[in-house]
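Next up: some structures, all given as structure tokens.
Paired with subunit B in one complex and with subunit C in the other, subunit A is shared by the two complexes that follow.
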Partner chain A sequence: MNEIWQGLIKAVELIVSFDQEVMEIAGRSLVIAVTSLGLAALVCLPLGGLIHARQFRGKKTLVTLIQTLYSIPTVVIGLFVFLLLSRAGPLGGLNLLFTPTAMVIGQALLVAPILLGLTISALSGVDGLLPDTARSLGANGFQTSLVVLKEARFAVMAAVVLAFGRAISEVGVAIMVGGNILGYTRVMPTAISLETGKGDLALSMALGMILLFIALIINFGLNRIQQG
Partner chain B sequence: MREGNLRTLKNRLVKFLAPPVILVTAIYVLAGCEGPTDVPPLPPQPRLRVATTTSLYDTGLWGYLEPMFERKYRVELDVIYAGSGRAIELGRRGDVDVVTVHDPALEDKFIADGYGVRRIPFAYNYFVIVGPPSDPAGIKGMSPEDAFSRLADGNGGSFVSRGDESGTHSMEKKIWANAGYNYEKVRKETGWYVEGGRGMGPTLMMTNEKRAYTLTDAGTFLAYKGKLELVPLVEKGDILLNVYSVIAVNPDKVPGVKSDLSARLVELMVSPETQKLIGNYGVKEYGRQLFTPFSGSEPKQVGDNE
Partner chain C sequence: MTLIETVGLCQKYGEHDILRDVNLKVEPGETLALIGPTGAGKTTLLRLLNLLDIPASGRLYFDNADVSRASKARQEARRRMAFVLQKPVVFNSSVYDNVACGLKWRGVMGADLRTKVDPVLETVGLSVCRDRNARTLSGGETQRVAIARAIVLEPELLLLDEPTANLDPVSASKIEELIAGIIRQRQSTVIMATHDRSHGERLADRMAVLMNGELTQVGKSKDIFASPGSRDIAEFVGAENIIGGVIIASDDGLATIDAGGRLIEAISDYPDGEEVYACVRPENIILSISASHDSERNSFSGEIASVASMGPLCRIEVDCGFPLVALVTKRSAGELVLEKGKTVHAAFKATSVHVIRRQG
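Showing the complex of A and B:
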């Protein structure tokens, strides 16, 4: 019990004093997670809209496949990206293994199924009459999709928040393709894993608290938007 | 009407995006300004990658040598920790330029296959079997082989194995073989044999939690001693010698590795200056040296340093 209290006190000290190492790691985590989320969202949200709007053969199978990939283990993505980017692998010439870029690629792949699948279900939740009504009122294709998107915005936001949570909290991809290099690819989850193994609990707890704090801010913001 | 809807949508999007964007910017700015030196986000220096055995990382030795090398050669050194087996595999694949490991048999094969340039031993210590002070299996003072036999008899003590193809894991297998056991059978034993699958530091922490026994290098044990109840029980036996080597990856066999820089790193590891630093590392903090440096002939038995 004593250990936990002492760790907590030290953790708070590290946070309020803006400890350089803690802030660097937290900042790097945010930047990498936001970048991968942004890239994945840029591709997956429109693609999800397209899949939703079009009728084609095997659509149900495709959606089931995407939903299955929600639970793909992070280490499997890590292994896949490692084999891809390793110098002995097909994209080895890019020299990207053990860089933040490799982590962004891995995390984007990790959250893509979530964004894609949940966008499709979010849009499916919209009343089928809505696009017809919009069109009958003279809206063009782009305006119609905007109306549908507006109707489904909370569900889409929830998908984005969920995907962000998965990206910022995962260890598997970060450690396998980032290498947990001090000052370069060390992020909050990998630092927590390393420091706990070393028995340095204060740093782990400080980073854990920051992770929770970030989640709190984001959910607070989301709630405010939904209410306002 | 539609215009208005669009505007609200835009407003809400902005409202939604603002907090994370502001937070990211704020943290990034704070993180950047906090330090005494402003580190540019994309350093122009070349990067050199070294994969190291976990004992050299968990003791803090690499954290101590890294800034020196970076200053001297104006290079960014990326240190990746992994068991010796995985470190050598990363070298073989060309994902790192240099390895620092402690598994002589694996190292010889790495070089014989053409992947490593030359094996250059730079420091040594010895392995110890550590366990709870009460020593329920009664192995204190035994030879490593006898101690392992005693543990295998199930005499009241469990053993935590690295189980990660590291140098320490190789040594464990060697002791089992010398003691007349089939390692593959031993590892399937349940109850007393635990395969941890982690680095040296975490394995020591785990052994401590379980009040079990484990095989460790003396350096990591010393560096962690303050956090552990474990005591050294078996430290005699020539088999326990633990030699660390640095090997540059061969650019003729693995194209793309940075041979010039890696040759400099190898040179630096055996330079009198670094050798002195290695010898002094941890003396003040832990009361004795964690690694004994040598850049000449390899010691043949434990205790050559005393």
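Showing the complex of A and C:
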């Protein structure tokens, strides 16, 4: 018990003193998560808009499939990207395995279904006559898309925030394709799992607290968004 | 000079023909009412005129330019019109922003925007709600936002789809006054769909009757009411008495119609043997207790089958071998003691009868 107590005190010290190792790991986590999120959003938001706007056969099945992938285990994505990037894999020649880039790819794939699916449902919440109303008042195609997106902005933002939460807190992809290399691919969740095993409770708890703090901010943000 | 013209316009949804061969010409400055029962295709036609949908076939000209398909011309033409949809949808922003958006899309900014939007908000009586979120407005207020959004653009062509439907009578008449004011003040051309024929009659110069996807009659309001072109139109424009019969004699424009043994005289040029409908508007039927109007040829006695009150009027159905509906004021109904079962004489002039040929 004493050990835990001391670890906690030391963890707080690490945070308030802006300990270099803690800050570096937290910073790397944020950069990787934001990059993968940005990448996924760049593809998934317009794609979601397209899927929403078009009528085609199998659309319902596709949406169900996307929704199923919301809860795909992180290690499955990790395994998939590992196989893709490993020496013998189709993209093995790029030498990307155990790099931050590999982690970005993995996390982008991980959050893509959430972004895509929630964008589609955000857009289907918008009145179908809204685009026609905009066009009837003289909006061109681009202006009309903006109107629809703006109308769904709260739901789309909620999707982005949720996806960010999943990216920054996952372990499976980070450890399998990042490798938890000190100073290179070590991020908060992987550092916590390693340091706890090694017995460095202070560092684990400091990183855990930062993760919790980020989760708190995310939740706060989500609530603000949902209240409009 | 025509502002908008359709040539053989057709529209389909899936395999269903919704509009068939619609030919319509509208002059600048004219107000046209598009009337027809629900499901006739009014909204479908307005959506085509506003270039929201592409027609299945046929051509559409706006200001003499072909805008049937070419997308660049369509966007330009659409910016010269405004369409108030049947179901008004407001954007999730302030009333002011809702009314300003069309101008913003046309590149109007800053002070110019304000000087245009504020007076329009005043006109529609929404100045007090200027900064409220438009989603919090009542149905009538929402409808006014939708109209304001359109008229602030000063469109050359204003399309209105049932602007007073789904509103209580007071709000509806306010909106109607607003539209009448706009029509008077601005020189813009208006096409307005409505299934309320009296509404169309009050506001429009000309009417187009749409039945089952076909434009069955276009003309001055009073002509359509006086001489509907078919049985469907006659029913729709309120000629409640539509009596089937055969012309048995005609003499210099005056025809005698045999309606199940009773003879009706009417003005008509159809030849003997022609199967026709004789249409008489209920307000043109005179009821009396004694058959004093012997001079009138079309005089029939019968029992009152029903009496129904309609505001200041009474709707009285008399069974004269065929049912005949008359509209009389409450006062004269009281004086004549018109009650169910009483025998009365119903009379109308030969000139009040409009004869339609039976089709097929």
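Just so it is clear, the second predicted complex is superposed on the first by the 212 of 228 C-alpha atoms of A that agree within 3 Å, B and C clash if a C-alpha of one lies under 4 Å from a C-alpha of the other, contacts with A are read in each partner's own complex, and residues count from 1 in each chain.
Going forward, a contact is a pair of C-beta atoms (placed from the backbone, for glycine too) under 8 Å apart; a residue touches a chain by one contact, two chains touch by 3 or more.
The structure displayed is predicted, hence computed values, not measured ones.
In the overlay built on the shared chain, the residue A:Gly197 is in contact with subunit B alone; subunit C does not reach it. In the superposed model, A:Ala139 makes contact with both subunit B and subunit C.
After overlaying the two complexes on the shared chain, residue contacts for A:Val147 are found with subunit B and with subunit C alike.
Look at A:Ile225: by the touch rule set out above, it reaches subunit B but stays clear of subunit C. When the two complexes are overlaid on their common chain A, residue A:Leu130 makes contact with subunit C while staying clear of subunit B. In the superposition on chain A, A:Val31 makes contact with subunit B only, while subunit C stays out of contact range.
Of the two partners, subunit B and subunit C, it is B that touches more residues of subunit A. By the touch criterion defined above, A:Val16 reaches neither subunit B nor subunit C.
Note: residues 139, 143, 147, 150 of subunit A belong to the subunit B contact set and to the subunit C contact set alike, using the contact criterion stated above.
The part of subunit A that touches subunit C in the complex is made up of residues 127, 129-130, 132-140, 143, 147, 150-151. Residues 2, 5-6, 9, 12, 15-16, 18-20, 23-24, 27-28, 30-32, 34-35, 39, 49, 58, 63, 66, 76, 78-81, 92-95, 198-199, 201-202, 205, 224, 227, 254, 256 of subunit B are the ones that touch subunit A when the two sit in their complex. Per the touch definition, subunit C reaches subunit A in the complex via residues 47, 50, 52, 75, 78-79, 82-83, 85, 87-89, 91-92, 101-102, 105-106, 149-150, 153, 159. Against subunit B, in their complex, subunit A makes its touches with residues 18, 20, 23-24, 26-28, 30-31, 34, 86-88, 92-93, 95, 97-98, 139, 143, 146-147, 149-150, 153, 157, 179-184, 197-199, 214, 217-218, 220-222, 224-225, 228.
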